[in-house]
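Notes follow once the structure below has been shown.
So that you can tell them apart, the chains are marked A, B and C in the order they are listed, and the count of residues begins at 1 in each.
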Amino acid sequence: MEAVNVRSQIREWIGEFNARVVTPRARELDRNADPEECFSWDIVEAGDAIGLRTLCLSDAYGGAGFDHVSTAVVIEELGRADLGTSVVFAQTIKISKVVESVGTQSQKDRILPRYRDDPRALYAIGITEPDNASNYIIPHPGAAFRTVARRAEGGWVLNGMKHFISNGNRARFYLLMAQTEEGKDLSEGSTCFMIEAGSPGFTTGRVHDKLGERLANNAELIFQNCFVPDADVLGQVGEGFDILAKFFPASNAWAGASILGVADAAYDHSVEWTRKRVQGGRPLIEHDTIAITLAEMKMELDVARSYIHASCAAADGVGEWDPTMGAFPKIAASKAAWKVVTQALELHGGYGFMKDLYMEKLLRDAAAFLHSDGVNRSLYLKAARYIRA
Amino acid sequence: MSGTGVVLAVGWGDGEGDRPGAEALGGALAVAAELGLTAVYASLGDPPEPGAEAASASGVRALAVRGGTGDVESLTDQIVALVEEFSVALVLIAADDRGRQLAPRVAARAGGVAINNATRLEVIEGALHVTRPVFGGKAMCRLVPLRVPAVVSLRSRTFEPPPPAPGGSVEERSMAVQSRVRLIENIPPVLEEGRLEDARVVVSGGRGMGAADAFAGLSELAAALGGVLGASLAAVDQGWVSPSRQVGLTGKVVSPELYVAVGISGASQHLAGLASGVVLAINNDAKAPIFESAQLGLIGDAKVLVPALLKAVRAARGG
Amino acid sequence: MSAPHVVVLLKDILDPELPGSRFRIDPARMEPAQGVGSAILGPFERSALELALKLKDSAGARITALSVGDPSLLDGLRKALAVRVDAAVQVGLQGAANQPPEAIAGLLVTALGRLEDVDLVLAGRQAGDWDHGQVPYLMAEALGWPCVGLVRRAWYEGDRLQVLHDHAGGQRLVLVPSPAVLTVTNDDALLLRMARVSDLMAAQRRPIERFEAGELGSSASPPGFTIADLWVPARTSVCEFIPGEGPDEQAANLVGRLQEMRLL
């Protein structure tokens, strides 16, 4: 009873945030042609004011110590108002949590108070490269990161580039995966570095012009002889992939939560629309075929949510963790979202096809997670490895 | 309510006449005989308002009481003194901002009971019954006061003022009162064109307007229709329009011939501010509750309908 | 001056946005039917709470949220705790929301007497359900305290309270001695701030001091009025929807209709 009460409190709280801060801005921002104009610092600062950036950090770093399930609820509710907003916060919450989980006391004390105190401080993680994307989900021998870290005195010198990085051009703090051992594949020879914006030799490049999820910016990260001291290695040298193993469980379920929010919005609109629109002599919802479609949509969403919450609970230590929980929840949610949003598009008829209605943005946003946080095919293959093993 | 006693109607004028006080007098005259009470009128404004003249001309004892400051503390003291002097069984006042504060304070001080926002007074088997809206106007309740004095504030237009008549005498009184609240600065009302309360046509915008600049178009439409701009509580809370434009239970009560509600859902206390008039609702949502109370409806986006309507109205007026 | 102790009066009311068509009366009990809608913290209470918090920000005021409510209904108090009031107190009374104003005022005055010296009581101008708008004024008279209504701003200059409130269509700036009662009206500067997440969670665990209405033993004076009837007015208007293909035709048709009705 208590857990359900907390969830509904969280939904109401984020619902208020959405109504005051996100919904009044989202459509207009999304329509800007220049992707950099789609991002809003007002939204980030308003989220900071209620404690979103530090949601999962411990009290020592100004955080609320939220568990995985409650965080999933926050991320889903933000997604209900706008996907990009959900992703901006989900990423920064995720990665800051990894830093607290993995970092040494000295590293945490050096970085997290500064993260906590800057209302605009966001986190990004640089993994994806032009030639290495699904490769790190389905590693195969020979695939090494093209971003390379060469040993130097007291540290490492980085060269290479990443792209498609969420918050890439907006973050102040980064985790960066680079190859530290030649001849090994990225799962065995990579290291996770902590880097800050403005470091010599580190610049951001192009900001990608995306089909959807436009309130989040994705960008290139460029490294030209960028020096990173030993003290800024997160975890052990050569064990960067373990960071990803720690990082993936939260990432997958929470990514599912973001896209689920989009589908929730489409479903809610569909219910309201079919109650008002009259054809065939009565409101659409009173035609059985429409009512059944709505029922199907709701079930899809409830199933995906249950899976996300079960995986989050297992990550919190309640229930048994199955390695496929690091792959399936996002697949389930993104498939459900795509199906629900396209069904919603059909239910809205010709009106739904008009740009001035909300469906157009929801459709573009719903497309994002067919690939984001792991192309679904690659995640299936990753899960299959556990089945085969 | 026993056979000896007074129904006291009180007005306090605001410098532009005292219609609310005169309406209270109309109420007193309507119920006095059936309740076996004698009507007395007191004007607490300075100078005495026409209401006092009308009262005495109607054969009602009329007092003009000077010496107050017009604030609630001062009015309370003066009314309580009159209640004690005249064995008042029933006090009738306007349910304006001051009246609704006065009623409970006078009642508490005088050992009686207060009822705010009355829309009807009836005498049933010798007892006073007071009807008032509740739950934002979604329901009505009828209350019977059990103590004297009953202090009832009346919604505007519940009663008509007695017909004005010259002659009759007004007793001048002086009642100096001290207020514990000290005035530092008086900020008089901004004289905007057209008082909502007197407007023949009101065009109000609500949350559905979406932004402050949408109200410029509504203002033009109001002007073209020969009316005045209003707003719902939600629009005022968003900071889109001045609070002086607010219509509703806690805003102004209006009684136009035509009330145009644009982007107002109608699910709140807004319509409680509407005493009369044909309601035309313009809303994107065919299921909006406002259509349950409207006589005319236009379904569509205000952003296109308001300019179209403005054009059509101007054309019809040949302007 | 030591930090002033400000008490904010809260009431959870039936959601005023409930559409009229869903509203039902229980005729036997003369009150809204059970379960007809959810209870929320009233809109004017929110303004009063925000004003109290501004006094905390500016003058270090200590804030106690006080409510007479159904023992099972603590939402408003939890919300107040989530925005960092210093203490929360409930006087538990079954069916509190539908009690007459005198009964509530009496309980609140008695409860105030149990709290540490109170300098200021803030209340919404009326609760958004029964709309009596009496409780704070009855309390001021019972306490013998000065009272200013329809306040929009309040701040301390030294130990003197300056208040901006609505008066006769305009406004006044006044000096109010302590202790006093203020009622607060809606204002876009009084939009209740959002809770920080850690405070939202902590609020669930913070203690709420509870009194039972009976134990407060406030004098049960005979009621001031009885409710003879409570009803939902029949919806007599049938809305005539003006047809038209597109806004220009709709507008033309509407103007025609208004001219027919002699409203134009």
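Basically, a contact is a pair of C-beta atoms (placed from the backbone, for glycine too) under 8 Å apart; a residue touches a chain by one contact, two chains touch by 3 or more.
The structure presented is a predicted model; accordingly, all values stated were derived computationally and were not measured.
Chemist: Among the chains in this structure, which pair is joined by the largest number of C-beta pairs in contact?
Modeler: The chain pair sharing the largest number of C-beta contacts is B-C.
Chemist: With centres defined as the mean of C-alpha atoms, identify the chain lying farthest from chain A.
Modeler: So the chain farthest away from chain A turns out to be B.
Chemist: Where the CA atoms of chain A average out and where those of chain C average out, how many Å apart are those spots?
Modeler: 41
Chemist: Starting from the mean Cα coordinates of chain B and chain C, work out the distance between those two points in Å.
Modeler: Going by mean C-alpha positions, chain B sits 21 Å from chain C.
Chemist: Report, in whole Å, the distance between the mean C-alpha point of chain A and the mean C-alpha point of chain B.
Modeler: Taking the average C-alpha coordinate of chain A and of chain B, the gap between them is 55 Å.
Chemist: Show me the residue ranges of chain A that touch chain C in the complex, using the header's touch definition.
Modeler: 6, 9-10, 13, 16-17, 20, 49-52, 55, 59, 63-66
Chemist: Mind pulling up the chain A residues that touch chain B in the complex?
Modeler: Residues in contact with chain B: 275-276.
Chemist: How about chain B: which of its residues touch chain A in the complex?
Modeler: Counting only chain B, the residues touching chain A are 285-287.
Chemist: Can you list the chain B residues touching chain C in their complex?
Modeler: Residues of chain B touching chain C: 14, 70-73, 97-98, 100-101, 103-105, 107-109, 112-117, 129-130, 132-136, 138-147, 179-190, 201, 225, 233, 236-239, 243-244, 249-250, 257-258, 265-269, 278-281, 289, 291-301, 304-305, 307-309, 311-313, 315-317.
Chemist: Which residues, counting only chain C, touch chain B once they are in their complex?
Modeler: 14, 16-21, 23, 25, 30, 32, 43-44, 101-102, 125-126, 128-134, 137-138, 140-142, 146-150, 162, 166-177, 183, 185-188, 191, 222-233, 235, 237, 239-242, 247-248, 250-252, 254-255, 257-259, 261, 263-264
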